[in-house]
């Protein structure tokens, strides 16, 4: 029986995975994907909560918006990554460490 | 007569205004300035004489003048605090005034001759005026605070006068030494003033006497010491500084750096006298504080020790300087053994003959431009008047009968002897011993000086031949002769021997011991009805009311006791006469008859001689050890600590603390988080997930880790 | 019934104006791109538009506070004042961009366009009344900011800054969103007012969920206002991106974030609750950390721009400190602080940017003996530095005084003392610049063209408030006083 | 009407001077100097008028002269000025010293004259503001604003190590005063943000004996905590022992006129702060900490004197002597008796004149020699034989030196004597130890004097001219003050005694 708990568990797993990707992967594209994971985790949360506890549409709306914005963010992010790649011939995150205090 | 601003104040103010005026005009009109100072002091002498005469007319122990005015007043609301200044004249003051003004006048006159060729002729008189006015102010003061003020002013004057030849390095040292050494005493004197103030509420002499009489000091303590003793010791330390008692005597010999007349002033009339005068004024306090034995011993040591040092001095002024210290020692002994009047008398007599001696020495130096006795000799023919004056003074200081020194010193020694024989406290025996020994030495070294200077054959013919002959001159040697005249005993005792057999001034004989009122415990109650008057108000007391003083053979003691005392006094007198003549004879046989060879003594007691020549190593101890080795290095250390350590690390440290924080945080970022945490997480991740093989760190990922960790931390703290 | 969505669109004119302006400029740009002199027109148009927006905001001030678009937005004096400040900041940044050499001529229009975009986002954020609008505001703000950060196409550092900003922003907004989702789940609505109402009825387990979710939620806003530990992007981004952009970032997103934070705090935690305690504690730690870390790190910097970046972090910390007592005095203080902060930051960045343009870099040494070359600039810069230090009678002091005031009013003595000591630490590096400018003689006599008259005039005009607000701050205090939060 | 009252005139006259200086063109240096001089003379004249209007029987503030105009109504901040017996001597001193400083700067300042005089006048206004303001906020503003001109005056016109000194001075004082600010605001709220919450007079009287507050978790007494804060704030200015190290730097680096102002007036702001604010507002804590303050004062006296003795830079020596002398003031304050307090205030005034003399004299000789070594680092003597070479200079120097040494008949003595009389009743041990300060004080001054003035003429100083007419002109007033108030202190004492008495009786009730 699928209940709220399982949804939350999945979303939490997604969230953790996203964070771990952000932390551990060195490939920038992969990191952008990590962001997607995190966003999706919350989107899933919104949907699940709406379904099981709250009987209003807020959650659905929010998750829709999340999808849109995730797309926009990914677009911008990729653009920047491309620019970065043009300049450095690399999408390795460690090459983005010239700004040091 | 009424004692108001117009009759007393001029004694101080005329010389002071002379000083102020001269300070401005001295550069242009030197001669005028000199004339003004000398005239000023002479005028104040006349005023003093007037007062003295008045007191002699009244001739009563209880006669006094006490005028006060408010200097400043801090009373506000419930708090009452006002500081009064005023004049207090009793017989003692009257005599002091006469002595100071008289001696000062003669010294001024002499200086017009002595300093005449000096480039800073005028300036010297400026200082002299300030100096004398300060001393007069001190004598007239009715309270310790103003005493202290003038006392310090004198310190300043002596500083300027000793450093008068400021291009000489030595003068600078000497003047600083003089000021600092006396300053040590002064500071304690101030402490004493504070202590008295805290009890009495002001520091007027009379009020202090009243307080003591009323037992206000009973079971009061300061720092665990009985307050009377505390205050007494502090005040007496002031005396020790100014009157050059051991161990603060070091400055007085160096005071010779000043011109000779100013030495005369310092040694005779003003500076050193002030110290003893203070102790005399504070006698009740000393008595109350049970300090008399202590004082007596200090005096004894000073009297004897200084005399021994004088033995080996070859500089004529040095001999006189040490004789001064030793004579001051006698005065202090006098205070210590309770012979108040005699001590005071010795102050006066000594002032006179010591002034005379210094002026004579000055005249000698002026004529031969040399101070070393070994190079003198036979000057008797060249300087007859000076020789005559000096001879009389030597008799006086040696304590030959019919001379003032005998009258005063003999009484001090007599009283010392009395205490030595009768008093339970055996310390007085030592005091008496030192006293008589000192008397012997005094006689010896004074005549040694006399013989070396004036007798025998000239040892340095070059100097001798260039010495110009002395002619009688109103300002060159007349002052000496006048002073030497007053070395006769009868001016002080009214009789030649000083034992009151011969009635010279009718009933006025023994006026010193009759008029001067010894404020000891038994007689303090006299002061209970003393009262001060506002300045300017006419003195209304009808002097006829005052009971004239009469000379009491027994000093108020019972016939029997007085008889015993007199017995001892006579013994003492005879003893001191014998001693004096022994000393003179020894000197005679050494330096005239040459029957005894001084060289043998010096060679036999070589170490002693060395010690004496080095003044018992006091200077080495103070300057060499304490200051050079102790104080200055400590100061260096302290200032190094202050700027080099405290400021650098403790204060500027705070600036660098921030930098540390900055660097540490950086190091934290790079080392701990980067390598440690990132790789650590990486390891855990590797175990978790095989997909992530090689784990590297990137700066931004480090950021994420920090965020995650912090968030976790927050979550943890907030929710559990 | 449907139309009443648009009933009070009149209160929304400023934002709409900006959108129109943005579109207009885009059209202008795309049509006359190659024509050189339309740059001028673009600039003029922007100025006109922004001034118009400002005017309409002023108009809004007079109207009563109300919630529009079915409570999704709130137009209240507070948000309006913050918007005004943001508009002014944008105006300043836009002018700086036109004179700065740090942006390629060809991209200046783009900068303007994006700046307006960010401004819109900020305005949404300032008056957001539900989670969605908040999220939209933050994203609008961020996404455009990423591009702005990497505006220097051919500069590695710039693009790297953009990259970092993007990744960081993505993660933190994601985290925030995750927190939001749980809050929504527990509280059952995304309307702030509704959520606030429901907080009271939570049981223990729900509380256990709420606490972490609030923390996560705070991460999003905290990253916008660069509160420690979400600040690490900001020095890099500030340094990497062109100076006008840095200026812009230092003002608009920060203030937007602050205003959002204020609104959230005021709505959720006005009534005492277990959450409030936690939140206030979070805020206090955050404020203390942000101040201290910002200041301490600023000391070691070599580049003035970077130093200003860190100092702006510490100022954010001070503003957060104005929130811990959740009352109007605090809000008033923060609003006033925002206003003064705007002018001080603008002037500081202007001078820095111009110096940087003259000398190629903005290291401290470049400022040596500035006062002997440009007395006015030197004086102005020192004034601003002293003001940032918090020395009377300058605006910075009054602002700090107000924050202290609010803190001590609610008995937060410890935080007050930390704040006080922090301003001493800040004196270290602010004085450093003043010292270099005034006490040192210039290191090189190389001849370089001056600031330019107009620029000097503008800078002095912008400094005037710093002086005036220091002495006659009564009226502005009145304005800030009026900037009450409207809760519906 | 408000704008035209005397205090405001005195306060704003220097600002008028600043504007005038700024309007004058750069190169018209004489015009600038003359204008500044005239301005300061007018200010001084106005302060004298103030003295003439001053009714010395009124213990509190002179109602006739007070000003109180709202400044920030919603915070109850007022532009409130007033003068009483404690501030009047300081105001007079300020008026006098700045006038003389303009004269001394006449020839000594060579670079960017316009800025210098503008800042100097600004400084005067701020200092006057500190001494006049009755509104705590206003006081704080003036207290802080004073830092800016000082920072630049030391930093731009100072010696070789000036920047360090300037920054140090700034940070030190800023640190102290920021803590004071916390105290001010705290008071504002403890008094319930009422009409009088920033009104120093209304605050004073020991209204805060019972309040407590929690700081980092501990519960501490309100009064004690903020007394300590304000103590630190003021102690740094005085400076009291652990906070004194900025003084030598600042003094040594600052130009002559600024050292004079620093030692003559600015140090007094610290002790004035105690008298006007810390003691009246927290009398209970003042009483509580009195013994500690006395010990600190003692440390100042001894420590400063000993450090001074080791100095070979004569200006540094005098700087340390100021530390020592301000220690006496602290002792007088700690005594909290009518003698001690009056002595302290009198000492503030007298130290102002005497130490100003010393710094002026050092500046004058520095003009000639361009170094200040008593003994040069290589061990050779820096001066020597000045007495022979510059007689007039030496005489005036002697007066100043003995005045600061506390020779009776010169101003220093009476104040020190009063302080001692005051402190003896309370703390005998401290008195005994402090007296050694007098001893050492005499020692280092005389030693310096001996090394500089006695002995044969050092060939280096052969060609030094004696004091010029201008220099004599600005030394004479100080000599007169030093001697006059040494012989006849009543004018100053009568000025202050009522107010001081009031303060003492306030302290006595706790």
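We call the chains A, B, C and D, going by the order they appear; numbering starts again at 1 in every chain.
Heads up, the rule we're going with is that contacts are C-beta pairs under 8 Å (C-beta built on N, C-alpha and C of every residue); 3 or more make two chains touch, one makes a residue touch a chain.
Because the structure is a prediction, the values reported are computed rather than measured.
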Mind listing the chains that sit against chain A and also against chain D? B, C
If you tally contacting C-beta pairs, which pair wins, B-C or A-C? A-C
Chain centre separation (chain B, chain C; CA means) in Å: 77
Where the centres are mean C-alpha positions, what is the separation of chain A from chain C, in Å? 26
Rounded Å distance, chain B centre to chain D centre (Cα mean): 36
Between chain C and chain D, what is the gap in Å from one C-alpha centre to the other? 44
Interface hub residues of chain C, defined as touching at least two other chains: 164, 167, 171, 175, 297, 300, 428
Pull out every residue in chain A that's touching 2 or more other chains. 19, 22, 96, 99, 101
What positions in chain D touch 2 or more of the other chains? 171
Set of all touching chain pairs, with the criterion as stated earlier: A-B, A-C, B-C, B-D, C-D
Okay, in this complex, where on chain C does chain B touch? 164, 167-168, 171-172, 175, 207-208, 211-212, 214-216, 219, 229-230, 232-233, 278, 281-282, 293, 295-297, 299-300, 425, 428
If you look only at chain A, which of its residues touch chain C in the complex? 11, 15, 18-19, 22, 28, 31-32, 34-35, 38-39, 41-43, 45-46, 48-49, 53-54, 56, 58-59, 61-62, 65-66, 69, 72-73, 76-77, 79-81, 83-84, 87-88, 96, 98-99, 101
Along chain B, where are the residues that touch chain D in the complex? 71-79, 81, 145, 148-150, 152-153, 156, 159, 163, 166-169, 171-173, 175-176, 179-180, 183-184, 187-188, 190-191, 194-195, 197-198, 222-223, 631-632, 634-636, 638-640, 642-643, 646-647, 650-652, 655
Give the list of chain B residues in touch with chain C in this complex. 655, 658-659, 661-663, 665-666, 699-700, 703-704, 706-707, 710-711, 714-715, 717-719
Which bits of chain D are touching chain C when the two form their complex? 71-75, 140-141, 144-145, 147-148, 151-152, 155-156, 162-163, 166-167, 170-171, 174-175, 178-179, 181-182, 185-186, 188-189, 213-216
